[in-house]
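Report on the structure given below.
Labels run A, B, C and D following the written order; every chain starts at residue 1.
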Amino acid sequence: MIVIAGVHTPEEHIQAIVEVIEKEGLQAHVSRGSDRTIIGLIGSVEPKLAEHLRQMKGVEDVVKISKSYKLASRDFHPENTVISIKGVNIGGGELVVMGGPCAVESAAQIDEIAGLVKAAGAQVLRGGAFKPRTGPYSFQGTGVEGLIMMAEAGQKHDLLTITEVMTPEYVDICAEYADILQVGTRNMQNFDLLRKLGTCGKPVLLKRGFSSTYDEFLNAAEYILAGGNPNVMLCERGIRTFETYTRNTLDLSAIPVLQQLSHLPVISDPSHGTGRRELVVPMTKASVAAGADGLIIEMHTDPDNSMTGDGVQSLFPDQFADLLKDLELLAPAIGKTFHTPSAVS
Amino acid sequence: MIVIAGVHTPEEHIQAIVEVIEKEGLQAHVSRGSDRTIIGLIGSVEPKLAEHLRQMKGVEDVVKISKSYKLASRDFHPENTVISIKGVNIGGGELVVMGGPCAVESAAQIDEIAGLVKAAGAQVLRGGAFKPRTGPYSFQGTGVEGLIMMAEAGQKHDLLTITEVMTPEYVDICAEYADILQVGTRNMQNFDLLRKLGTCGKPVLLKRGFSSTYDEFLNAAEYILAGGNPNVMLCERGIRTFETYTRNTLDLSAIPVLQQLSHLPVISDPSHGTGRRELVVPMTKASVAAGADGLIIEMHTDPDNSMTGDGVQSLFPDQFADLLKDLELLAPAIGKTFHTPSAVS
Amino acid sequence: MIVIAGVHTPEEHIQAIVEVIEKEGLQAHVSRGSDRTIIGLIGSVEPKLAEHLRQMKGVEDVVKISKSYKLASRDFHPENTVISIKGVNIGGGELVVMGGPCAVESAAQIDEIAGLVKAAGAQVLRGGAFKPRTGPYSFQGTGVEGLIMMAEAGQKHDLLTITEVMTPEYVDICAEYADILQVGTRNMQNFDLLRKLGTCGKPVLLKRGFSSTYDEFLNAAEYILAGGNPNVMLCERGIRTFETYTRNTLDLSAIPVLQQLSHLPVISDPSHGTGRRELVVPMTKASVAAGADGLIIEMHTDPDNSMTGDGVQSLFPDQFADLLKDLELLAPAIGKTFHTPSAVS
Amino acid sequence: MIVIAGVHTPEEHIQAIVEVIEKEGLQAHVSRGSDRTIIGLIGSVEPKLAEHLRQMKGVEDVVKISKSYKLASRDFHPENTVISIKGVNIGGGELVVMGGPCAVESAAQIDEIAGLVKAAGAQVLRGGAFKPRTGPYSFQGTGVEGLIMMAEAGQKHDLLTITEVMTPEYVDICAEYADILQVGTRNMQNFDLLRKLGTCGKPVLLKRGFSSTYDEFLNAAEYILAGGNPNVMLCERGIRTFETYTRNTLDLSAIPVLQQLSHLPVISDPSHGTGRRELVVPMTKASVAAGADGLIIEMHTDPDNSMTGDGVQSLFPDQFADLLKDLELLAPAIGKTFHTPSAVS
């Protein structure tokens, strides 16, 4: 249920509403927008309470919300969430690009790639230290060592960093070294991991399960939000369909749908979404035109020898740089901004 | 198999190659490009013939093609096919927009909508006279009468027309009244219909089956091409997945994939691809950014009372006009052109 | 809407009800069961008419049916449909097995296989004369000649015959030579073909579209029933999923679901449903245990050299015979009967 | 790679082979069958080593295995794995039935249901203490308390117990109280959980991810096996498809496929596989006919008021008991055995 109050409702009236709600043992979440204030309730609401709230000062309406997710829904929080990290704003009007290798392989590798990522105009360095692999005999990542290498490369090149965390046990150490924690597609419904991320203190990029509905996706985000962490990005990374030419089918409708249902920023991953280098460029542009707030793109200096064997979906550094220049042209046509260093100079 | 000859190979050498091929009872398809000439062979090629061809004058290489489709493949025909109909070029650098109602309901309805379609800047009027309906008790279209109404509206408003044909028996009459014949998603593998369209003398827009692979799609196009009709457009209109929020999942990767595998123009249908009016605008833009050569979009003056019940995916006239103005901005950022009448004046 | 009358309601009362319905321009379908009589109405029913019917003699209840299909639904026709063809009953308690090659290749081939099919205990000979092929350059079947060869083999070996018809134009000739006409998965929504089959005078086996829902499937059957042909069998033949190890995923839940929603016999096709010979035996048994009324199984004397390349899913004659012996054991455990010739002697 | 030795190869020769393999830093897994002995190697094998092994005493052949999973594959372990727990053998010729509620709700509930499960002839009590729920505000299970209640009910009624574990942290306590640990469909690729289960000392039932391929499924099992736990059961529980009438599509082909590719027992879950009570009975029978080694079936005394809201897929106690009587009839027709208590008396 939500209580709608006017934007000019005095703070004391809002407080009175919150108190009434909390006295009933429910949670109240206040979201102040430019044209109204929403107080969202979580918990089972008695009809009597709804009636009481409706008659309180400042209340314009009391509306039942049927969606199972609350904090993630735009009903509860009508304005876009903008996540600010060290000066980078995700979910505002500026495109955010996250680039880097599938896996952190060595200090030299991640340092070199970080330099190229920065030079191309991206704001975030991506790289996996803990890798989810289909079979137990494949390379499983460089672990904590890799985390540290990436943190150093990010710091040196003035880039935010994002890395995947696979199990609750490693949330704390990942949160120590990275700016953004990523939940992979196979872990979208790893509920103990989501609960732990609710209290980790760092923004989370949650990837959609490769066969998860929008509703399940937003409910997974709700686990993190309900734990107290409001900084969640939703990432479309392709769904599994009958088509085998592409690794996955990148579902770009997810972008406008999620933006309508939720206030959280939406990121697109055309690398996993297609699994083919030659499709990353057109699908990045399509993602932007569909309204994506950001992109996460694999780039590697030597993709044919990448340690995960995923190089086939990694751009070469030149392609990555050219693509970002194209985005600089495309962004304004879609009402967004994006700047590469060359443009600035 | 293809024979590659230099672009400057004299016509008589090309003719000699073709003669050798045809003497073996095979078909030869010549495609002259800007940097080389390709002679594609259809039929079972003996190794001896390949050897002989390799040594003929002008031949640079003889290459085996493993794909099951030939005429549809870019190997056979490296340059883009541009389909020209009364001054409209589909597959060249200009975006082509096809707009109109799901079904032709009356002369007045199609005339009014045609006027709006034209005014917004679209080049083609869409409208179904024969409607494929899930159940036998639903409205099945206005039939030949509807065909005639649409032809008149198209002529009056100087628009090309496109309409669906469902069975071989009706190909001739549809070809008499419409400029482009459309094969619906359920008929993509109606092989007798495809064969008949190979000889109909009109361009064909072939919609992808809602669960058909790219390979099956190109093989379906091959049926039409093999029948002698080179003017085929491929249309992505959404595939069936587990997600039920959208009517279909519009697979935009299909656009660059089909353009790499084939030389045929690729059209996107965001109306059926999403089934929700509010998603048509972002997905149209995403289609253009992904490289689509054209769009087919439902628009209706009274969508809530459309006779097919599909109004929920139809744009209102104002939305349609606004969208086309946005495309005018977007097209140059992606290397295409598109002009609305207001821009010209 | 349906009108429910008692089983002992005299014929004249039923006739009076039918007359009232038909006077309103609607169709009335009478289905007499063992415990009640159902009169199903097709067409748009005014509330007044419903009220009037409710008060007529013999009427126990008048119930609105929300499903879009009517004649196919168990609401309209509560008792199982049993299709009797020359002494073979499909949909009664006896399992019906249809066996034979993917395609009729020659008179000798179909004659030899027919002998083996008969000897193993099957009642129906299957074989394609017109073959739906993904690409235009593949073997397209032996056509009318093949039809005649199969009719002769069927007659000689005292087997019913079933063959696929792909386009309205060929319905009449197929109906002349075969006992059962089959609609392939790609044509499940070829509505003109379905309409033509409604008047063909022969039973029809309708295969489920490889990505069609149960609801779409029953609506497709409704087209045939609404045309006046009550003898329709529903065939589950596998759906398209993300799994590529099998050619399709045989959806055995379809069997009990369709039997609950409809009164039509349900046949299973484990050959196309799996695409792998080694899975045909277990999936045939599973189909029977799930309640299938019959099976359609590919068998070939030389599968490695079959002209369609589908031999990989064809049983060898010995496997086919052994499987039918196993069914003889399994059928009674599931409340059905099946007899092989060896058991009779 | 596998080394094949004759069944009569003396132990000392086998030991010599193992020593050579281990000296190269590889793992050797010996599987003695009735007609040959297989020594499976895990690790990267140099051609030289293969050559050396081929010439050792007792070696009949050295064969490269291309599958990414090793210990799970039938190549490594040709004979069926039979898991014996307190006298119950899973994977031998006797059907194993696991029955019980979706969630352990109270001591009284689980005790009553356990009595009914035992009386019907099942060998294992199922029940969830930790429940994976789509949203954070749903009932999340009774936790450790529930574990204890179920252990007591199992002991009292002489039933094995199976329960789901969701995160590595809880593996030890679940292993303390339950006889079999279950990995749910959403956790099939929770690799840290799988690793932890490799050392838990209890048999594991691994459910297939609802959109996971057979190959991914066997690789997930490989994680547990590679950790040192050989007692893994594979459970088909339905996959996600476009069909929405059923909760999932139970893929029964998985049963014979997994039994061909692997030696591990295969269990079917028709409750989650269909999500509809009325389909559980036919799909249980179909599972047995397809070759399942066991079944896991939801049963509840008051399904309409189940705490998880999953009651709609739970059988009533009478239906459960009747079904098990039917299995007693069906099992012998398929070469298996199953006995209900009534049959014994």
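The working rule: contacts are C-beta pairs under 8 Å (C-beta built on N, C-alpha and C of every residue); 3 or more make two chains touch, one makes a residue touch a chain.
The structure presented is a predicted model; accordingly, all values stated were derived computationally and were not measured.
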| item | value |
| --- | --- |
| Between the pairs B-D and C-D, the one where more C-beta pairs touch | C-D |
| Chain of greatest Cα-centre distance to chain D | B |
| Length of the line joining the C-alpha centres of chain C and chain D, rounded to whole Å | 37 |
| Interchain centroid distance [CA atoms averaged], chain B/chain D, Å | 50 |
| For chain B, residues that touch 2 or more chains besides their own | 211, 215, 240-242, 244 |
| Footprint of chain B on chain C - complex, ascending | 42, 68-70, 132-138, 166-169, 186-187, 189-193, 195, 210-211, 215-216, 219, 222-223, 226, 240 |
| Complex interface listing, chain C residues touching chain A | 211, 240-242, 244 |
| Chain D residues touching chain C - in the complex, by the definition given at the top | 211, 213-215, 239, 241-246, 249-253, 255-257, 260, 273-274, 278-279, 282-283, 285-291, 329-330, 332-334 |
